[in-house]
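Worksheet: one structure, shown below.
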Amino acid sequence: MIPGASFIISAIFVAIVALTVVGALLAVMSTRIIRSVTGLALCCVGLAGLYYFLGSPFLALMEILIYVGAVCVTIVFGVMLSEPDEPDPREFKGRELAWGAVAIAVCAALFWAITRFAHAGGWVKLPAQQADGSVRALGVSLLTTYSLPFELISLVLLVAILGALVIARGGRDKS
Amino acid sequence: MMIAAHDQLAVYLGIAAFLLAAGIYGLIRRRTFIGMLIAGELIFSAAALNVMALNRFTSPDPSVGQIFVLFIMGLAAAEVAIGLSIIIAVYRNYRSIHSKEVSELEG
Amino acid sequence: METPVDTSQIVKFAMLDQLLDLSRANSLWPLTFGLACCAIEMMAAGGPRFDISRFGAEVFRPSPRQADLMIVAGTVNKKMAPAIKILYDQMLEPKWVIAMGNCAISGGPFVFPNQYAVVEGVDKLFPVDVYIPGCPPRPEALIEGILTLEQKLTGKRRWPVVKSD
Amino acid sequence: MKTDILAVPRGFWSLLTGMRVTLSQFFKPIVTVQYPRQTLKMPPRYRGHIELILDPETQRSRCTACKLCERACPSDCILVEGAKFEGEKKKSVTQYELDFTKCSLCGACIEACPSDAIKFSREYNLASTSKEGYHYDLVKRLAEEKERKSL
Amino acid sequence: MSPTLDQIREHFSGPGLALSVTPTEHAAKGYHLDVSVAPAGIVPAAQALYALGFGLDAITGVDWIAQNEMEVVYDYFHPASPLRIVVRSRAPRDNPEFPTLSDVFPGARWHERETHDFFGIRFAGHPNLIPLLLPEDADYHPLRKEGAP
Amino acid sequence: MSAPLKIEPATGSGETFVLNLGPQHPAAHGVLRVKMTMDGEYVMRAEPVIGYIHRMHEKMGENRPLAHFLPNTGRVDYLSALHYNHAFVGAVERAAKLEVPPRAEFIRVITSELNRISSHLVWWSAFLLDLGGFTPLLYAFDDREKILDLLEGLTGSRLTYCYFRFGGVVEDLDPGFAERTRKFIAEMRPRLKMYRQLVTDNIILRKRLEHIGPISPDLCLKYGATGPVIRGSGVSYDVRRAEPYSVYSQLDFDVPTFPESDSMARYLVRMEEIVQSLRIVEQALDKLPDGPVLGKVPRVLKLPPGDYCYAVEAARGRHMVRIVSDGKEAAYRLKLRTPSFSNLSLFEEASKGMLLADALALMGSLDLVIPDIDR
Amino acid sequence: MSLLSTEPLRLLASLLLIIAFVGLNAAYLVLAERKGAGRFQNRPGPNEAGYGGWLQPVADVLKLISKQIMVPPESDRLLFRMAPLVVLTPAMMCLAVVPFSDTLVARNVNVGLLMVFSFGSINVMAILLSGWASRNKYAIMSAARVVSQNVAYEIPMLLVVITLLMSTGTLDLSEIIKQQAGGFWHWNFFRLDVNPLAPVTFVIFFICMLAEANRAPFDMAEAESELVAGAFTEYAGMGFGVFFMAEYANIVLGCSLATVLFFGGWQTGLGALPASWGAWKVLIGLGFFLAKMYALVFTVIWVRWTFPRTQFYGLLNLSWKILIPISLFTLLLSSVMIKLFA
C-alpha cells in the first residue's frame, strides 16, 4: 500500500459523507423544488459512495441507476408538469423554527443513543466479510432463499406501473 | 492501527439518523406533495443505509442486507411512480399541488 | 444584463492578447440570422463552392449567446430594428458585426425621400465593424469581409490580397 | 400486418442507400474554390460598381456629362457635373460621384449612356471597415488608372 | 365542372347585385370580367363566386383622390378553368368602409388588414383589423395619395 | 361550405404557453415571427406576425417611373427574381401593347425555368435544413452554383437579376450559353436520381412528411394558395397553363399534381417540377429562333389609363402584377400579388393541433420567402 | 480493504489521463466532425487555422474560454452553473472502467457494465437541469424531450445488453473481451450460434446509443430548426463548450462500449498474439481497440451527415413499437438457443 493511501481513502470518505449531508439538507431546506430534487440526487450519489464503502459496489451502482437515473428524473418530470414552488417560507417562520427544533431534537437523541450504544460495545463486531461485490451470490439467493419477496416486489412494481397509468390518465378530463 | 472512520458502524448509523431526521423535518415542513415525496425518499434511504450498515458489520451473510436494500429501492421506485401519478391527477383537477389548498378545496 | 467585460483590461499580457485575438479571428461563429437577399449569398458562402468553414466560421449558432459575429444580411426595417437590437444585446462580448450588402450599409436601393419603413444603415443601431457593399455581394466578398475582420482583430493579414482583374 | 413488418427492413434499406450516397461523395474531390488562394474568373458581363472607361485613343473619358445616367438611375446614386473646356465641342466630365451603397446594379445607367463612357467594374470582393470608401469619385479613379497604365 | 363566362355573367345580371358587368379581353387587360358592385354587393358576389369554385386571389385598394373615392378591387381565379374575374367597389374617401369577406374567404383577412394598413380602409366585421405589415403602433397609411405618411 | 375560422384569444387554461418563434428563428427562413400558443409540444394556435421586412415596394412603384421600378422586382422574391421581372415587364407590355421578339420570349422562358430550378433547389435545401438534414443543402447549393454560373454569365448577377426589359431582354445569350446549359441538364438528371436515393426515399423523411399538414383544395381556394401548394392538393392549377403567357403554349410540359395533399405531396410536386423545368429548357433551346432580343420601345414610356394585370407562375405560385395607370410615367397604383403571402395565410388554420416539429415541417413545405410576403 | 483499490494514486493518475483523453478527443473529434462533414459535402472543412486546420480546436477553445461569462438573470444560478459539471463527470467515470487494452484499464470493476449504465443515466439529469435552470421555453421543451427520449431508449438498450449478458455471464468488461478471444468469428457480433440475430442486436444497440448520446438523427435536445439550441440556448462560452465536450465524450464512451460488447475490444480478431511480444501486445491491442472505436465514431459522424432529424413522436414510436419488440424477441430467441445448445 502506498503511504498516504489511507489518508486519501479517508478524504474520499469524508467527501462522500459531506455530499450526502449537503444533498439531504438541500433536499429539505431549499425553497425551489427543482433544487431539492437536485439535492436528493446529490444525496443519492453520496449514499452510493457509502454503499461502496460498505462493500457493495453493486448496490452503489443500483442506487445511482434507480435513484438518480429513474426516481429523480421522474420527479423532475412531475415538477415540469405541475411546476410547484414552495410558498414563501416567511409565512411559516414560527412553525418552521418549531419543527426545525423537533427535527434537531430527534437527530440529537438518535445520535446520543447510537454513541452510547457504540461505546457500550452493544454490537458484536464480526470480522470483515468476504464481500467481493460479486453479483452471483446475490442472484443465487434472490432466486432461492428470497424468491418469494422477489416475486412480490415484481408484483408490486407491476401494480405500481399499472396504477400510475390508470391514475394519471384518469385525471385527464379532456382528451 | 488507527481505525478509519469508514470502518465504524456508528458513523453509518449516525448518517442514517441524520437522513431520517432530515426526512421527517422535510415531510412536516413541505407544503407541496412533491416536496413531501422527496422527503419520503430520504427516509427510505435512511432505512436502507441502516440495514446495509448493520448487515455489513454484524451479519455473516453479505447478501441479506443487499437484497433488503434492493427491495427497499424497488418499493421506493413504486412509491414515486404512484405518488407522482396521484400528484399529476390532483394537479389536473385542482391546478395546485399544495396540500393545504387541496384539502380546503375539498370542503 | 451584466456589463460587458473588457477582456483587454483583464489580460494585460501582450502575447496572450495576441494569441486570444488570433483565436477569436479563427473561430468566428456567426449568428444564424438572415434577413433578405444577402442571406442567400451568406448561405452560398457556406456552400461547397466557397466554403466559409475553411476559416472556422461555418458554425452558425442559432442562439445569440453562442455567436461571436452578427452578419446583418439584408434590409432592416423599422419594425425589425428593436428585435435586431435585442439580438445584438444578447450576444456576449467580444462580438462583431458585419453589414453585408447595400441595404445593411445605408438602406440601399430602398431609400427614397419620405420613405417610411427602412432603417438607413444598421450602424445607426449599433457599431459595425466591416462593411461589404454589393447588391447582393458575392460570397467571395463575405469571405473577404471575414478576412478584413481578422485583419482588424490581429493587425495583420495572413492571406494574399486578391486584386480583381 | 405483413406490409407493416416488411416496412421495417425496407425503411432500414432506404437508410443504407442514403449512407451509400454520402459515402460515395466522401471520396469525390472537393469542388471548393479556396478563395483568397484560388479565385474564380468573373464572366465578362459581371456587374460590379460602375466605372468610367478610359478611351485608349484620347486617354481620357468619353463622358460628356449629359446626365442621362443620373436620370436613369433608380436610386439616385450618381452625381455628374461637367464643364465645357476651351476649344472643345462637347462638355467633358469634371465630377462623377457614385454612392455605391445605394446602387442596385441594375445597369440602367450603362444602357442609358449614349457615348459608352461607363462600364461595370469587375471588383467583386470589396470589404472594408468604413463605409465612406464606397462613395467613389470615378474621375479620380480614372486618373489613377491612367497613371497605372502609363507606368 | 368549370363555369363558363356566360354563366358568371348571368349570376351578376340579377337586379341590384352588380352596378356594371364588363367583359374584357384577357390579352389586353389580364382578366375576363370586370364587375362593379356597390359595397353591399361584395359579399353576395364573393359567395356566388365561391359557389362556382373560384378562389380569392387578392384584395387591393386604390385611392382615387381626384374623384374623392376609395376603391377596393377583389381578384378571383378559378383553378380548373382559365377564368379571372375582377370585382370592384367604391366608397367615399372620407369614410371608406366595406364589408369584410372573411366569412366567405378566410384568406381575405390578411388582404384586408394589408389594405387597411395602406389606405385606412375599414372592413366592417373583420375580426382583428390590426396592422399587418406596418409596426403595431403605426398610425399612418402610406399609400394614400395625400403625400408623405 | 365549412364554418369560417373563428379568431379567439388563447384561453388561459393554464396548460398552454406562448412560444414566440422569431423574428429571428432558424426555421423562420428570414424574419418571420410566429406567435405559437402551445400545449406542451402541440401547437394550439400559430399566428404569423409579418412585416419585419416590409420594404415599401408598392409605394416605390408609385413614386418611380416604370423603368426605375424594374430593379425592385428582382428583390421582392429574390429566389425567383426573373419571374418577378417577367410579371412586371409583362404587365407593362400588355398595357403599352409592346411587341416582344420571339427570341426574347424564348430566352425569357429559358432563364425563368433555370431560375425556377435554382429556387426549388434552395427550397429543397432549406426545407431539409428545417428537418435537420444538413448535407443535402450542400449538394443542392453545389448544383445551384452551376445554374448561377449560367445566369451570371448571361446577366452579370447571381441572384437579383435585372435582365428583362420592356420589349425583350437586355442582351442576347452569351456565347456558349446553349452548350453549357445542355451540359448542365445532362449533369442535373443523375443528380436528381441521387437526391431521390439520399432524401426522397429516405424512411425518416417519409415518416416526417407523409400525412403531415394536409391542405385541402377548398382551403387553398379560400386562402388563395397557389403554386406547388395547390398542386400538392391535387388541383392542376398552373398559370403557365391556365393563362398561357410568353411562349409556354408552344412548349410541352406536364403539370405535376399529387392528390395526397400532405407535406410529402408538396415536396414531390417541387421535385417533379425540377424535372419538368429541365424539359422546358431543353425544348426551348431546341426551338430558339434567331432575331433581335429587344423590340421597339418608346424612350419615355407612358401607359394608357386603365387597369392591367399580368400573372406568371413564379416558383412559389401565382404572382400577379396589377398596374393602375393614370397616363403618367409612374403607375398610379402598383399591386404585387405575391404567392407566399397567400400561402402563409393558411398556415394558422392548417397548423392547428399539430406537433411543433410537424408544424415547422408544414411551414417549410409552403416554401416561404419572407420579403415576398412583406413586400 | 479489498474493495477500495490499494492504489488510489494510480486511480487518480488514470483519472487525469482520462480527462486529458476526453478533452483531446472532444476537441479533435469536433475537428474531425467538421472536416468529415466537409468531405461528405465535397468541401475541405476548416483548413486555414494552422497547417490543414490542426489548430482550429485550439482557437475554438481559447475563444470560448475568453468569451464573456454570463448567467441569464431569470435563471436558477446554482443549477445553471452546476449542470455543465454534472454532464461531464459521468462520461469520464464510465471511461475509467473501459479496458482500452489488455491490463490497460483505469480501474477494472467486476460490475463495469452496470457502472457504465448507472453513470450514463446521470447524463439525463444534467441536461434536464441545464434546460430547467435556463428558464427558457425552448430549453424546457428540450429538457422534456430529452427525458422521454432517454427513458424510451434505455429500455431496448438494456434489453439487448441483457441478451448479450446471457451468453457472457459476467458484467466484467475485461472478462467479456477475453471471452471473444481468437478469430473475429468469436466476436459477439458474429456469434450467430448463440444469437442468430446478433447483427440486429448490434444495430439496435447502435441506434439506442445514438439516441442516448442525443446525436443526429435523434438530436431532439438541440433541434436547431425547432428549439434554437435546445437545452443549451442560454449557455455561452465554455459552459456551452463543456456540453459540446460531453457530447463527444458520450460518443466515445458509447463506441467504446459497442467495441467491447460486439467487436472484441482490444482483440485483434486474428487469433492470440505470441506471448513473447510482451508489452507490445498491450500496445497492439490498444491500436486495435482505437481503430475499431474510431471506425464506429466515423459511422456516427457519417450517420449524422446523412439523415434528417426524426420527428419526436416518430422517435418514441421507433423505440416502443419497433426496437423494444425486436429486442424482446432476440432476448427470447437467444435464451432458447442457450438453453438448447449450450
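Order as written gives the chain letters A, B, C, D, E, F and G; numbering starts at 1 within each chain.
Simple rule for what comes next: a residue touches a chain if its C-beta (ideal position, glycine included) is under 8 Å from a C-beta of that chain, and two chains touch if they have at least 3 such contacts.
Everything quoted here is computed from the prediction, not taken from an experiment.
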item: Partner chains that subunit E and subunit F have in common; value: C
item: Between C-G and F-G, the pair joined by more C-beta contacts; value: C-G
item: Euclidean distance of C-alpha centroids - subunit B vs subunit F, Å; value: 63
item: Separation of mean Cα positions, subunit E and subunit D [Å, integer]; value: 43
item: Averaged-CA centre spacing for the pair subunit F and subunit C, given as whole angstrom; value: 29
item: Approximate Å spacing (C-alpha centroids) for the pair subunit D, subunit F; value: 26
item: Junction residues of subunit C, two or more chains touched; value: 32, 47-49, 51, 54, 62, 79, 109, 112, 116-117, 135, 138
item: Multi-partner residues of subunit D (each touching 2 or more other chains); value: 12, 15, 18, 21-22, 25, 30-32, 34, 74, 104-105
item: Contacts with two or more other chains, residues of subunit B listed in rising order; value: none
item: Chain-chain contacts as defined at top; value: A-B, A-G, C-D, C-E, C-F, C-G, D-F, D-G, E-F, F-G
item: Touching residues on subunit G, where the partner in the complex is subunit F; value: 37, 40-43, 137-138, 141, 144-145, 216-217, 219, 223-226, 228, 305-314
item: Subunit G residues touching subunit D - in the complex, by the definition given at the top; value: 38-44, 203, 302-303, 305-307, 322
item: Subunit F partner contacts - residues on subunit D that touch it in the complex; value: 10-12, 14-15, 17-18, 20-22, 25, 31, 43-47, 72-74, 104-108, 111, 120
item: Touching residues (chain side subunit C, partner subunit F) in the complex; value: 31-37, 39-41, 43-44, 46-49, 62, 74-75, 77, 79-80, 83-84, 87, 109-110, 112, 115-118, 135-136, 138
item: In the complex, subunit F residues that touch subunit D; value: 64, 67-72, 75, 135, 139, 142, 149, 152-157, 160, 162, 170-171, 174, 194, 197-199, 201-204
